[in-house]
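Following this message is one structure expressed as structure tokens.
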């Protein structure tokens, strides 16, 4: 039987940019297993106390098993 | 790089109520890591042998990593 | 509190058939914990170098916890 | 050929609770044929004349055929 | 237990207009049981041999039970 | 021209129950204008400091204009 | 910072036609602020006492702010 | 007024293949009325006691009315 | 290998009616290849300078290849 | 009864970047009431006369009520 | 600026199997340009005059440009 | 009959940023016909060999016909 992948869902948080939040989620998931692909699922955020935006980006990450 | 969260998907089962099934899923997920938020995704069920409803509620649970 | 299930997302890959890709994903997930049910979420693929289709099938797998 | 199921869509109405509306839909569907499973599809309602909420819950019900 | 409704899905066909196709589906469903509401789900069609459009409109129809 | 309705989106919060959160959203929206109907859109929540669940329920509310 | 728009959701009701219900919703929303665009979201209705269809059409309306 | 169709939802079950489960659902629905078209809506399943997969495929079936 | 179809996406624009916008999209797509079926995907519009509505209707059109 | 939130839908426009369009929508909505969270719903745009992209980003904004 | 892909939508038809319909759609699309990936979007069909099923499978096909 | 538009689906790839991938898709589509609008549909990517993210952004592009 052929190779398998798992898909895990992560939320990256960044006060800098959406890209930074994506990177945070992807590189966090990559610490445990090689990342084959990712897909941005949701882009949310809040206004921080200093008036800056904080981005919370949900990313599905495909990782090779075995 | 900023804090990350993982989102795991759990199904809680209860013959008492939908609320009880949600709690079962959330508190089960909380045993392993602190739960930051949850979202009810699907509410299913079956009729048990004694005629009572059994609720099966799918919940996405956000948990803080690291 | 009643029994819980976890739902994990897997991608099975097969150059034989969609069924074979589903089986690969489900039996891979079953190595770690008993599988209660599965649901096919997405059917993708690519044309391999020899002209055959390679199927990549995403499956959600429900597994009993505890 | 193997066993089949039909899925019918019902709306239960209750001025007591969402659970009561679900039960009304499921037990109504069960009068005609055994119910194998149900899934809550939509939760709507209105404010009744006495100020109470009236719940209208749409449920898909799976019933065994033959 | 309170009143219930069933939701049935019908496709009305008309070479005149979308409205005519909706009416065909709703009034057909009304012959068997009183219609409480309807919702247009899908609007498809084809080009008939004489070059006119033929409309095929899918409608969900809510009907009072009992 | 005939009567119109507006649809507003509200989130009710309750530490008691989902029903209580729905009521909070609907009765809040009703203070400004008569409520014709409502629909539950999303059920989220968090674990409060005392370990209780806090429910955050998003409701679309239809209100009669003019 | 550049211009903004708000999107409001309205339901137009008409016993004449779907077009008439759309116009009712759009022109109602236009009384308060200039309408930049609209999108039809849902087409529902009921059978009125005289046997005619009453159309209830939900429309999202984009209006220029400031 | 022109011809109408009804859409019914069926679940076919097979331990052989997805195709066999589709056929089971379609041919079951065809016993009562001519089938004009079908659409596969959901592909689920479980691992049977002997380790084989059992496929449960939900199919919407369009049937010509009277 | 059997016959194939392509699906192209077109937007018809009309200041007369939704039907007229659908016809515009379908007959435009038919100039190049025979149209087997169409499906209305989205109904948008704007208020023209003279106060009339302009309809912009997105249609998926199935056309026979080869 | 507990605290409530309203969700309003805004479109921010920017010829600089998607982030700038999000900020425009969020800070516009914040002028009237405190913003608790936001979610990016749709990212559209057009090619401006000078060949630059103009971004039109739809954002749902949650605001605390009274 | 980097490489681009186009996504075209095709419907493969086969009286043999779903796999055969997918192959028909993918290999048809491959005659014009190299296929990078495909995704199965919809599985429909009809009962042919001889009682066999005819499968109509909609596939999105990604093809490398330039 | 009024003006028509076509909607084509493109994937832009960039190792620099999401914006750069969008621009790549839009300006590629603009080489053949004037672009009236675009909409971002999906944001995926992979981790390149050097550890950088490669963004693959799917964009629907509306182009004026005739």
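Each chain gets a letter, A, B, C, D, E, F, G, H, I, J, K and L, in the order it is written, and its residues are counted from 1.
Simple rule for what comes next: a contact is a pair of C-beta atoms (placed from the backbone, for glycine too) under 8 Å apart; a residue touches a chain by one contact, two chains touch by 3 or more.
Computed from a prediction, not measured in an experiment: that's the story for all the values here.
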Taking each chain's C-alpha mean as its centre, the one farthest from chain C: G
Selected from B-C, D-E or A-J, interface repeating D-F by over half of its contact pairs: A-J
Remotest chain, chain H as reference, centres from CA atoms: J
Equivalent-chain rotation between chain J and chain E, CA atoms, steps of 5 degrees: 120
Mean-CA-position distance for chain K and chain F (Å): 44
Interchain centroid distance [CA atoms averaged], chain C/chain K, Å: 22
Averaged-CA centre spacing for the pair chain L and chain B, given as whole angstrom: 38
Per-residue multi-chain contacts in chain G, two or more chains: 8, 18, 23
All pairs of touching chains, each written as two labels joined by a dash: A-B, A-C, A-J, A-L, B-C, B-D, B-F, C-H, C-K, D-E, D-F, D-H, E-G, E-H, E-I, F-G, F-J, G-I, G-J, H-K, I-K, I-L, J-L, K-L
Complex contacts: residues of chain A adjacent to chain C: 1-8, 60, 62, 65-66
Interface residues, chain J side, partner chain G - complex: 8-15, 20-21, 23-25, 27-28, 58
Residue ranges of chain E touching chain I (in the complex, touch as defined): 17-18, 42-47, 53
Chain K - residues contacting chain C, complex: 18-19, 22-23, 26, 30, 35-40
